[in-house]
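Report on the structure given below.
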Amino acid sequence: MHVATGPHGYSLPLSPSGLSAMVTPPPWHFSGDVIMVEYRVDPAVAAAFLPPGVEPGADPGAAAAVFAHWHWCSEPDRESADPARNQFNEFMILLGCTAEGRPMARCPYAWVDGAVPMARGWIQGMPKQFGTVHQTHPKAVGHAGPRLAEGGRFHGIASQYGRRIAEASVTLDGPAGDPPGLHTVPLVHTRHFPAWVPPEQPLSQLVVSVVADVEFGEIWAGAASLRFADDLEDDLAALAPTEVGRGFVFSYAETLCHGRALGSADVGQG
Amino acid sequence: MHVATGPHGYSLPLSPSGLSAMVTPPPWHFSGDVIMVEYRVDPAVAAAFLPPGVEPGADPGAAAAVFAHWHWCSEPDRESADPARNQFNEFMILLGCTAEGRPMARCPYAWVDGAVPMARGWIQGMPKQFGTVHQTHPKAVGHAGPRLAEGGRFHGIASQYGRRIAEASVTLDGPAGDPPGLHTVPLVHTRHFPAWVPPEQPLSQLVVSVVADVEFGEIWAGAASLRFADDLEDDLAALAPTEVGRGFVFSYAETLCHGRALGSADVGQG
Amino acid sequence: MHVATGPHGYSLPLSPSGLSAMVTPPPWHFSGDVIMVEYRVDPAVAAAFLPPGVEPGADPGAAAAVFAHWHWCSEPDRESADPARNQFNEFMILLGCTAEGRPMARCPYAWVDGAVPMARGWIQGMPKQFGTVHQTHPKAVGHAGPRLAEGGRFHGIASQYGRRIAEASVTLDGPAGDPPGLHTVPLVHTRHFPAWVPPEQPLSQLVVSVVADVEFGEIWAGAASLRFADDLEDDLAALAPTEVGRGFVFSYAETLCHGRALGSADVGQG
Amino acid sequence: MHVATGPHGYSLPLSPSGLSAMVTPPPWHFSGDVIMVEYRVDPAVAAAFLPPGVEPGADPGAAAAVFAHWHWCSEPDRESADPARNQFNEFMILLGCTAEGRPMARCPYAWVDGAVPMARGWIQGMPKQFGTVHQTHPKAVGHAGPRLAEGGRFHGIASQYGRRIAEASVTLDGPAGDPPGLHTVPLVHTRHFPAWVPPEQPLSQLVVSVVADVEFGEIWAGAASLRFADDLEDDLAALAPTEVGRGFVFSYAETLCHGRALGSADVGQG
């Protein structure tokens, strides 16, 4: 039997009913529109972003830049009725890697334009910072937006503190047979929560995200560009493209359930 | 023959090349996604918002609340490559009216979340203020966004200075035969630019917007809600719904060319 | 000897050099301008916000609403040269309480307009959410801003998701002898980091903030108003004022060093 | 006798009471904190920004970069009680010039972070665009903000669309005898409102701002830096410093009353 002792909740703020929590408990549902550019980085640089237990992938240096506009909701869904809360834009970098003997992806940097998505990122181990992120949306009519069709041109940009981080574009030339590889493999994150009471050590936990209900919409592909700004801090700058590959535009959905420790079976919520 | 004498441009800032102008010259192309709720206001209140030369329409008190997410571009199109510039969200109110002996619409209030759209509004006579506006976007997959299909639920909200202005929702029940009437008639605006040098009078000019390339996407309709906040200023508060009608969700595009004086033929740009 | 193995840093994002961390390690220096209103809440409500180990204070129901504009920096100071990074606005509520046998304060809710201050709040156990917060600044000259002097009138407002949370004002009538009590006692927080891998439990730790170099500027006081919005969620709404006391305007600085477990001596950083 | 016929107001939106106007009628009172850096541009470039009737000044190429945080209010003062409305940050460039046979200043570019200040700028002829502007504020206590005193270091930055425009800093070394010259002379602006109905021409009017109640606080000066970003559009980039002079930090207030036509006596409001 649970005896309520004091304020509680899934996250801060704790409160008598538990309903003040800024972050709702998972599962979290996401429906998004994605602009993704495959590119290559120096394999030695990519390796330096991988924690012990995670190795370079079969194609070292494989990377991707991902822009996405997301709608999200929880269970019960209190968010969809408030479009100021249930949306965010995201830009992230993915690096191919191997863990548990199979292909996975590692996210070294991510930016979102909402505080709840940022906090939710830290809970699951995604290194989300705050930024301004914009992307082209497909439009059904008129001269001022592309169709999800041949010739459609899509752009993504991200900035932080009033300075550009990166810009990408994709000009569609046809449907893609398969989704881009780095968007189909599990993400392996480091949950990291700083210590506060000396001499305690930070919480640090290597986890794999457990997702359900993955769904891709129509996937289009085309020639792409990707440029990092010139004045980035050194670690981020080192992930700038040495080569830019194909670009993809597609809708994507998933339900993020919880994590499991790397190397362990998923024990689920039961 | 025009001799350039000093800094110039379509709008401020004027500069030697003319390319610093914040607003580009028309035509302006718009492609948007619209959530629109028909409603009724007190006909006497609506009439008090109409300038001399504009009369109540055949259905006095007919009004609409319109939320839209727009992409826009100029000619030449320097904007589409920068998704931080080529998009904005808008909330506006429309009132049915009659001018030149035919149905038109009058926009007493509008809010946008971009400065260029706001300035462009003042040039054409739309009373655009700055606000935060959010709306649900149709999503192709997943649990966190509606389809443009039966049962899809769409929301729009608008705020200014950290206070809510209005909230609307539409739950789709089927395709609509026709677009909502107030979105198909010309807009009659008052261009109004304050005087600055006493005793000069303000520029004041009754104009009709001239548009081209109007295009509607699939139009869906359904039951709607619309609520104005309780603490609005009096004139705006008086336009709160006395009755709420049907809601509509659709894509829409137009090219805004220029204006013509009310009661005059369009002499175009030639 | 520490051997770097993989990406590291004080916070996410972890990186090869450790310099990508969004949050810098403490100590963190703060210099701020504060508008503070003492008020009273229902003592039973206040008690329901206190965790086990923290008791109501000698004056049950004593509370305060605090607006502050902060400059902050770390060691070494990389932030002061970038005024887009080194500032934030904050609104928080404080409740009087007793712990370790002496007066302390508990912060049930706080809002800031920056992501780094928000994350830093979670590390120390302050329940900071994202909001828009504005306050009047003293101005030295002219008709459009108050002096820090008799008759000066100061306002604070806070909003979240385009809806007002609370508004306060203070009209100065003279210098205050002492700083307001709730701004002079230690803060007792619950560090709470949600679990992610079932069946793990959240990190939960009752801590007292350890500060140094506390400094007050000139302290002025006067009559105050404080109003919570009508449509707040229930737990927050329950902390609305039953009675409003005096208001204070003052400058304040502190260095936030680290935390110590409630009931334990501070072992410091050595 | 004026008979109100239809909606009216000082600016859009026009409404039955006239109280919905986004911009209040002048006079407008401003109280601000200024960081200003004197610098030099190529005199030929500066001349190309001057309209006919305005000539280069006695010191051709004299320029200044001005960052300011403003409080403002109207008469009656409905703004000061809402700190979300009564403040804005501004960055502008000033060029020395001569008109009516005496020294004046010309503002080729300005950015503000509020829509009302932007619209007010267009009414008076200041070419205000929307940007994000931040500056260091003097702080009375602590390690995280400078004093208005020797050694105090102040920074200003401005960005637009997520890209940096300019950055400046001033390190105070002592009180300045006099205010910087370009902040003491009248501003000569071009009111410019685009035409909308072909073949009409834009409103274009050369005006001098009429101000009252000018007040300077303590003025401090010191060594300065000023840097324009590398990727600005050409006309703006041409105003980058060829030489950087002294910097100043001071409080300033004025009341902006109305304009007068260049070359005409002020007929005032009477």
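Should a chain be cited, it is by its letter among A, B, C and D, assigned in written order, with residues numbered from 1 in that chain.
Please note the rule applied: contacts are C-beta pairs under 8 Å (C-beta built on N, C-alpha and C of every residue); 3 or more make two chains touch, one makes a residue touch a chain.
Predicted, not measured: the structure shown is a model, and the values here were computed from it.
Compared on C-beta pairs in contact, C-D and A-C come out with A-C as the pair having more. Distance between subunit A and subunit D, defined via averaged C-alpha coordinates, is recorded as 41 Å. Rounded to whole angstrom, the centroid-to-centroid distance between subunit A and subunit C, based on C-alpha atoms, equals 30 Å. One finds 35 Å separating the Cα centroids of subunit C and subunit D. Across the assembly, subunit C contributes residues 82, 84, 132, 134, 157, 159, 162 that each touch 2 or more other chains. If touching chains are joined by edges, the resulting network of the protein chains shown connects every chain directly with every other.
Touching subunit D in their complex are the following residues of subunit B: 5-7, 9-17, 19-20, 22-23, 25, 48-52, 82, 84-85, 108-110, 114-116, 118-119, 121-130, 161-162, 190-194, 196-199, 203, 205, 207, 233-236, 238, 258-261, 267-269.
Those residues of subunit A that touch subunit D in the shared complex are 132, 134, 157-159, 162-164, 230.
Those residues of subunit B that touch subunit A in the shared complex are 29-33, 69-73, 80-84, 86-87, 132, 134-137, 139-145, 153, 155-157, 159, 169, 213, 215-218, 251-255.
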